[in-house]
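Quick one: the structure is below, and I'll ask about it shortly.
Residue numbering begins at 1 within each chain, and the chains themselves are lettered A, B and C in the order written.
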């Protein structure tokens, strides 16, 4: 653009485009729309089936106004209890294991071989979906809550260790060095220099993970790994929408309660 | 031209920020509003264009009473009052030109503004204003690439392109270094003189105010304590506004600087 | 400060006696809860299978290796479907999440008393239910297929995107909004000029982040019949075709790694 007033007066003004190369800009726009059209063409939606289903959808929405907690109450409570048990046990074990692995995965306090092993464990745990792990574990250990428990423990390790390690890697050097300068041994150094700095976040993250574990535990039952998912699946199969609505409401209420509690706890530890 | 009658603002917390302010600003007058932090300077300015709703009292701009206006009437009234902010308040992720043109939003329909199709007369005026403040070459830069002084110049352009009758200026120099502060104050006062604009300038720096304005109003605890020409700001007056302090040094130093 | 006198020396303790007691009780309670949970799990486990697990795991491993590489020719379409489920689902959910976020944010909601709680409820409800469950539900309603998967991903992502977005809206600089308001701009213009430019980077980051998560989630939606590569996985598992299962798992793993890499690159370019 010229910097002389006379040359710009009367000229139309346009906002400079986000991508300055016009070929690239229009290329991206066209590619995007081409993809959208291609994707839409291959989905082949059966609109007649969708239309027929709307009726059932309405029924389901209505079921939320009259959820049925009673007619399958023993299934619901049994499943819910099992979900909670799996969640609690897996969170405890997962957190306990993820602390040493998190320490090992922090480059500033762990030697290289330990670091590589721990990072490897974290990477595997994060890359594998909970539900796929659950399928494999069910195949190995048989049906039941043990497979669910192991699945969630394994998933917790990947999640928590990674965040813990990142936290340790970004902590304040001066405080840590002050403790080391006092002649502390490695364990003392971790206890006094590292732990106080990362503890509040660890507590917050643990509670957050408890919340995630509960949500995940609701689907483990779909592949036979215990919990409320099996009951829910049965309810859908039998088109018992009022029971399904009751279960979904319970899940939502528990998740809301957990979020509320985690808010309070995080506010207190910080 | 602007007349405040018994203007009161009480916040929800019970703090009385303004206690029955009476003030009249004639056409073309540049007025400095001084006073300690928390005296209600910002609240006063924001009550005029109703960014803060006054609790009671009247605000007359020409023949319109602003406190009774409905939302579309208020928008029309706001077009007549340009506002300049302490921290520039540019939309940082928009370009300089977009920031200047945003001053015309009150005149342009929603879809035209969304697609950035402003009338050619607005675009020309924006270019003229940017040229006037020496930023024409920066028109397509993003606002967050500019220095503090440059941003404040863009803020001034945004206020002026509204073609206002009145400028409301809130601490224009508080985030700037002394030299830039003077340049900005000089620019604002020159532009007001060129266009015959009235202005209310909130300012912390008493010396700077004395250098540029025709009239000073001192505010303390939400009430007007002083109203007069800048020469009348003697140490006793400053003491009634701000409290006890050795004022001689401040004023004397300014005299020397002016003499330079 | 919790100190006690022993003979002549003053001993410093970290906690007072009462605090120590409360602390121990808390730990004991926690331990009891955990022990109870473990017993419940243990009771419903057939331990014979568990002791047999290493042999079974070895058995599965020997059947699953090497993967049946030539099967990959049949995975092209399922991978395309999976990509579509994730991408279209993310796009739809963003369209729905934006208004919800504006209704939920403190500073933009039209009514704190009525509309904000509704918006917050939509966020919690869609977030707390897993996409697999949404898929189950949608399959019951609109029948199995890719479309059910798209809708399931879309619904599940609303809460996540809207939550992050409304937090970003609440963090904007209110003075910039004030400045636009002061020019006499209308409500919508204030939104377009004052608020939207400020949240654009957050919005782009959220979109890419959620797309990455959705690729992961859509790989398994097929397990319940909602299309994508999960259908092949479930079919192979049903006939115990372990060499195919291992190949599919490798493909899923690759997809997850690639999507994470793409999302990290794009986010790096935007922010």
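The rule is short, and it goes like this: a contact is a pair of C-beta atoms (placed from the backbone, for glycine too) under 8 Å apart; a residue touches a chain by one contact, two chains touch by 3 or more.
This one's a predicted model, so the numbers in the text were calculated from it and none came from an experiment.
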Going from chain A to chain B via touching chains takes a minimum number of steps equal to 1
Pair joined by the larger number of C-beta contacts - A-C, B-C: A-C
Farthest CA centroid from chain A: chain B
For chain B and chain C, let me know how many angstrom lie between their CA-based centres, rounded off. 48
Distance between chain A and chain C based on Cα centroids, please, to the nearest Å. 4
Would you please write down the residue numbers of chain C that are in contact with two or more other chains? none
Two or more other chains in contact with one residue: find those residues in chain B. 98
Interface residues, chain A side, partner chain C - complex: 35-36, 39-40, 42-46, 49-50, 53-54, 56-57, 60, 81-82, 85-86, 88-89, 92, 127-129, 131-132, 135-136, 139-142, 144-146, 149, 215-216, 218-219, 222-223, 226, 229, 232-233, 236, 239, 244, 248, 251-252, 255-256, 259
Can you tell me which positions in chain A touch chain B when the two form their complex? 1, 3-5, 8-16
Within the complex, chain A is touched by chain B residues 95, 97-98, 116, 118, 120, 123-124, 126-128, 131, 136-137, 139-140
Tell me, which parts of chain C touch chain B in their complex? 175-176, 178-186, 188-189, 192-194, 197-198, 200-201
Note which residues of chain B are touching chain C in the complex, please. 49, 51, 75-79, 81-83, 85, 87, 89-94, 98, 102-107, 110, 113-114, 155, 158, 162, 168
